[in-house]
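Chain IDs A, B and C follow the sequence of writing; residue 1 opens each chain.
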Amino acid sequence: MKSFSWKSALASPAGRAFLALLLVLAAGAIFNADGAFFKIGTHRDTLRQASVYGMLACGMTLVIVSGGIDLAVGSLVALAAVCAGKMAIHWNWPWWQVVPGCLAVGLTCGAVSGWVTATLRVQPFIATLSMMVLARGLAKFASGGMKVSTAVQNPDGSYRYVDVPPLFRAIDHRILGGNLSVVTVIFLVCVALAWLALSRHRWGRYLYAIGGNEEASRLSGVPVTGAKICAYAASGLFAAVAGLCQAAQEQQGDPEAGSGYELTAIAMVVIGGTSLMGGRGGIGLTLFGVLTIGYLDKILSINAVPEAGRLVLTGIIIVAAVLTQRRGRT
Amino acid sequence: MSTPSSLVRLRGITKHFGPVTVLRDVQFDGLAGEVHVLAGENGAGKSTLIKILGGIHTDFEGTIELDGQVVRPRSPMEANALGVAVIHQELSLIGPMSVADNIFLGRTPTRGGFVQDARQHEAARHWLHQLELKLDVSQPVERFPVAIRQLIEIAKALSQNARVIVMDEPTSALNAPEVNTLFALIQSLKQRGCCVIYITHKMDEIERIADRITVLRDGQWVGTAPAADLPPPKLIQWMVGRDLGEQFPRHAQHLGEERMRLENFTVFSAGLSSRPTAAEVSLSVSSGEVLGLAGLQGSGASELLLGIFGAYGTAVRGRLFLDNSEQLFTSPGQAIDAGVALLTNDRKATGLVLPLSITANVTLAGLRALSPGGWRRPARECRAAEAMTTPMRLRAASMDTEVGVLSGGNQQKVVLAKWLQTRPRLLMLDEPTRGIDIAAKREIYQLVEQWTTEGIAILLITSEMSELLTLSDRIVVFHRGRVTAEYSRSESSPELILAAAMGQTASV
Amino acid sequence: MRAKLFALLVFISLAVAGFGQSAKTYTIGMSQCNLGEPWRVQMNADIRAAAAQHPELKVIFNDAQNDTLKQRAQVEEFVSAKVDLLIISPKEAQPLTEPVARAFEAGIPVIVLDRAVLGDKYTCFIGADNKKIGKAAGQWIAKKLGGKGKVVELKGLMTSIPGQDRHTGFREGIAGTDIDVIFEADMKWLEPDSRKEMESALSRFDHIDLVYAHNDPGAHGAYLAAKAAGRDGIIFVGIDALPQEGVAYVKQGILDATFRYPTGGAEAIETALKIFKGEKVPKKIVLGTRLFDKSNVATGGEPLP
């Protein structure tokens, strides 16, 4: 039984990710914008804003641990949002049809990405880049290039206004006395499911093994192709959840949504401490990464830091976080 | 009488890895013009000592003297510049780069920044020629088999004109003629006044080339003596600290019913449209039997095992029978489910997932059985892994240690544990004791003995003749993918086997 | 003999030309820099609708997918195909100036929409003035607040000219009043970003009178943030006034006012017709804007000079 030492705990990947978060929170306490940082509403909003990205980061962790990458998730957010808009607003489907419908779209696209990379042996970067373009195209095609909103066009060119679907209202809603967003709860459920899969399920162990040494895994009987396809399908599924939440929060399905979200998701995973090479990392680390970037963004926002400054600061902090991670390994 | 001066002198070398002290106050003298063998069990510290001399570990206590000058190389490049070249057990070649580029890595001949390919290629060919090797030096190194890569590594060290040349298990992937060439080369290095520091576990090699022998045990210096003063029994005693008795006895035979049979089995490892690497192989092995597969480089024995295991998918022809029922494995998973296991000859590339823990690696092949319904049971996995590794005397800080930081011998034990964990009825071993010290080898021989009493059928590939003769009940010899001879244990001898492996059917 | 042949040829070509003239259709090439933004989709729709009223016009639409080189190639294709008129909404001024100039010199009239090219080798530029619109918004806001109040400004991408113009115009419009811009942020035209910035503003300031966003999606995002926070009574003003977005938001009571950023599509066709009739057209047509607020949204808004 190893004895617990503070030094080694802080030097571990989780320890360092936690330290990074602490530093950001400390910065927030110092630059608190006339006390705004200490209001519970600010924390609720930070979590709400970070949740959609966080859902993407959950799926991204699974894919990165297996040694791959998924660049399509941003476009899948848009595709799912457009589908959600069409299904819930235009076609008036009940929630128990909208939700599976959106999830099915994300799952299918993800599975296709996975199939192309695992079975056709196309590099994940290229395969998911292609899906990124394809999904964005499908989103624009399905929506006719316009946002799918509560303003529905009549055949004669005029508009009628339908209600915001109850599903959307239920998602873009606050509970616990207005102190927690439903979207945040959905995000935490995603975290729990992803963690269970990665840490407690055989499939999760397979993903680590594949990311660590694909050939050795294959020769140990690991079903490499199937496991990889499932990883990308799961990533698509999480992207669909994110897209549904995005649509609910905008009350419309925007085919331009999610642009660049995949990079934020990757940054969150990397800052958390999961290695882009695969084989190391986990959901717990990603959660730290999500919070770190989420709080950083909020602190810059409440202090009304000009845009150029935000980009520079965020870039510096991402580099610093990655550098502190590397020192732990000889 | 003048004492020849030490070319290299190490004093008081101490190294810690965190809480573990790997070397404690070690001393070493290397003279010019000698072959100095560095011997010791697994984990004795030999590789660490060499890495310190070679500039890889820079954080240590003690002094290094080269030609009377105290030095402290801060990188392998600096060590090379000081005249020290190290050929590691774990090869340091860069796969996708060409042979020539690898040999001259860091010393690429350039003119105005542009690489002079022609000059580089010619020089590379020159050094390879010294090893009697003719290669297309523009090909990427990863295209060549492990044995050739080892020779390229040696050529690289030679081209650095070093005076202290360290070789860590250089013959582990070489066949007999290649070993002869290497030893001749070592002799010429001696004559040039170099000091060759040679690490090996093979007794016959030590007997052949050692001038002096230094023994390390558990990170400490035990002693240094001329080879004549250290016959094998005494050497082993120094290494293990206890008398191991005579040479390992031949294992008892426990033959049962036929376990596996191949009929005209052919393997197309490079795809169906190319020449087969193993052709029309017919053999059988019974339960409790050890069938040795002998062969030189390119004999196809390793590929045969991979083909049986399903690693080449459908690129195989012929018939396979397991306990008299016909099988065809198109994936390793199928083979494992049917009770077949394969330990490959390259543990780092195809045997282990280096970032994962010992437990994770040991339970990888049998994970389905350990996780009914898909959910893992960590406690059960720990118990299963420990049950496998404890009898093998695996030395590690904890079962959660990343296997990437373990020594070569311990890594090999992890892979063996993984396969035993699947309870195979046919166990195929490809170089199971490569890079393992003598005491650990004995442990594995004992395990083989035990496995045969349990009725497991074993196919064994090994390039160590004594190991082959000790363990095998029968020996089948391969040459260029075909079986050229078969000998029972009483009939076999090193000469017969070598002859058959080189394609000559000998008359007894 | 040769003279007779020549006369025959002249006669035939005149006859053919005469035939062509009586049933003359005009082919217009329309090069759109991208169809990613709904506003540009609207521009094409406006052109299509205006052209549909005139059966002698045939418009060929090309989408350059936001690629400058592609747009250059498309312009050159139109020139080779000898279209009767070119309408172009360029991605960037500098790289498209030369192809447009070559078309113009080849005798093809060129109408430039929304974004200008450099120099003067084109027939007519039609565009709106974001500064004017911003100023109109500022003036409306000043009037609505009675010259005094706390305002949040949510800006579009400030590295773009429209963003800068809508900002400076607005500041001009409220100059000299007691209106205090207590919080401003760059939300890059995006609704989720706008919502996030509005949440920050809400948590910092207990009292906000009005939110001025550089586009309607931005205003919508801010509205949702305020609604979720239970902060009623804030006035929301946006710009663009697309029929299914900004105008719809005013009708639904989400926005209090929005200002049309006209696409110029209909005006382009009007101008094209004038050119075909041989009339002289001005070098530059600056489009006015239209205010949509609760009082006039049902009647199609109110044009502003």
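Worth a mention:
Just so we're on the same page, contacts are C-beta pairs under 8 Å (C-beta built on N, C-alpha and C of every residue); 3 or more make two chains touch, one makes a residue touch a chain.
In this text, all values refer to a predicted model and were calculated from it rather than measured experimentally.
Taking the CA centroid of chain A as reference, the farthest chain centroid is that of B. When every chain is reduced to the mean of its C-alpha atoms, the one closest to the centre of the whole protein set is A.
Centre-to-centre, using mean CA coordinates, chain B is 72 Å away from chain C.
Centre-to-centre separation of chain A and chain C, using mean CA positions: 35 Å.
In this assembly, the C-alpha centroid of chain A lies 45 Å from the C-alpha centroid of chain B. The set of chain C residues that touch two or more partner chains is empty.
On the chain B side of its complex with chain A, the touching residues are 309, 311, 331-333, 335-337, 342, 344, 349-356, 360, 364-365, 367-368, 371, 374-376, 398, 418. Residues 35-38, 41, 158, 183-186, 188, 191-192, 195-197, 199-200, 202-204, 220-221, 224, 228-230, 243-245, 248, 251-252 of chain C are the ones that touch chain A when the two sit in their complex. Taken in their complex, chain A has these residues touching chain C: 33-34, 36, 39, 41-42, 45, 48-49, 52, 140, 145-147, 149-151, 153, 159, 161, 172, 174, 178, 246, 249-251, 254, 256-257, 297-298, 301-302, 304, 306-307.
Chain contact summary for the complex, chain A toward chain B: residues 2, 200-206, 208-209, 211-213, 215-223, 279-280.
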